[in-house]
Amino acid sequence: MTGPCSPSGAIPAGRQVLGVGIDVVAVERFSAALLRTPDLLGRLFAPTERLTPSGRSRSAASLAARFAAKESVAKALGVPSGLQWHDCAVRSTAGGRPELLITGTVAEAAAAQGISSWRLSLSHDAGIAAAVVLAIG
Amino acid sequence: MTGPCSPSGAIPAGRQVLGVGIDVVAVERFSAALLRTPDLLGRLFAPTERLTPSGRSRSAASLAARFAAKESVAKALGVPSGLQWHDCAVRSTAGGRPELLITGTVAEAAAAQGISSWRLSLSHDAGIAAAVVLAIG
Amino acid sequence: MTGPCSPSGAIPAGRQVLGVGIDVVAVERFSAALLRTPDLLGRLFAPTERLTPSGRSRSAASLAARFAAKESVAKALGVPSGLQWHDCAVRSTAGGRPELLITGTVAEAAAAQGISSWRLSLSHDAGIAAAVVLAIG
């Protein structure tokens, strides 16, 4: 530092895009996997993730989009080993905007890469669910 | 400000990614909706948006991709109420690159969130149209 | 410049998102094109791109995702003329993370736009392959 700010240190943390992740999920295939493997739903999603803000069970398409979000986060992190599905959850803000709740193993992997925040968007139509995430650091 | 630049103000506006939006649209379903609801086309797209640069009517896939762009922008903004479809248009630059033309209700929502520019990409193949947008502020 | 850093020059190169690209490819249609046009595979992919890190031939879905990556890069650059497919390759890092190897015509187009690095993510499921790239400058 040579003054109130230095050229190399001019950007506060949390401003650069460090990674991107995209995931596309076939809703029917995802539903079939949930039916075939009864404990998969619980392994992938925390109880609160399986419900809408109004307390109803999420549709298969909505769950598939949330699974795509988890996969996208894993990809943005480079798919390190040891990530737990419950440590990356999607929650809806009061306005209905989905956002990521990163904890435990996923938070550790993110911190190790200098990632301090995330941006998320979800979509589903015609049997395809998709998610894109940005890792900001 | 303590000098020519301050650590907290070192980044000029327009440099951070504030939001991301993705949308996937089934072209056949979108086409069916346009046929079923005759005034939907005009509600969604301004006359200039419905034509290619050479003046021909856009294909259903091209319109579906543009609809996905509008939905992606709404998602990146958190789907605030009051957005008008015509206030978010896709135009092609001279080089053929699609870009967003944000006006009125959408420009107001963007300004309120500190968003000053957008990045857009569109794709369609095999009955699926998709868009991704970044909101930069 | 009025001091150790200037407000307009406070951000080092390589920190802004200059472009985004998305591409969706129908795997079956892509496979059919490869079968129909025997020299297409070689035109699109360098020999090393066609093999997995363990030396096996890539699946059609994996090749389609890599083709989507090339298309996404072209879109992020504004689809300038003269780009060569081999000048934008996807390679897998030791950890299995895909990254772009940009050379020749694509590197020149990127440099002309101030792009210094890229972020990439790939996905495929149920016959759809997708890629998203960010151009950072």
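Read from first to last, the chains carry the letters A, B and C; within each, the first residue is number 1.
As a working rule, a contact is a pair of C-beta atoms (placed from the backbone, for glycine too) under 8 Å apart; a residue touches a chain by one contact, two chains touch by 3 or more.
This structure is a prediction, so every number in the text was calculated from the model and none was measured.
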Contact graph of the chains (line, ring, star, complete, other): complete
Across the interface between the identical copies subunit A and subunit B, with over half of residue numbers shared counting as same and under half as different, the residues used are different
For the pair subunit A and subunit B, the C-alpha centroid-to-centroid distance in angstrom is 23
Check: subunit A positions touching at least 2 other chains come out as 3, 5, 10-11, 15, 17, 22, 127-128, 130, 132, 134
Per the touch rule, the subunit B residues reaching subunit C in their complex are 3-5, 9-12, 15, 17, 22, 93, 95-97, 119-128, 130-134, 136
In the complex, subunit B touches subunit A at residues 2-8, 10-11, 15-26, 28-29, 71-72, 75-76, 78-80, 127-128, 130, 132, 134
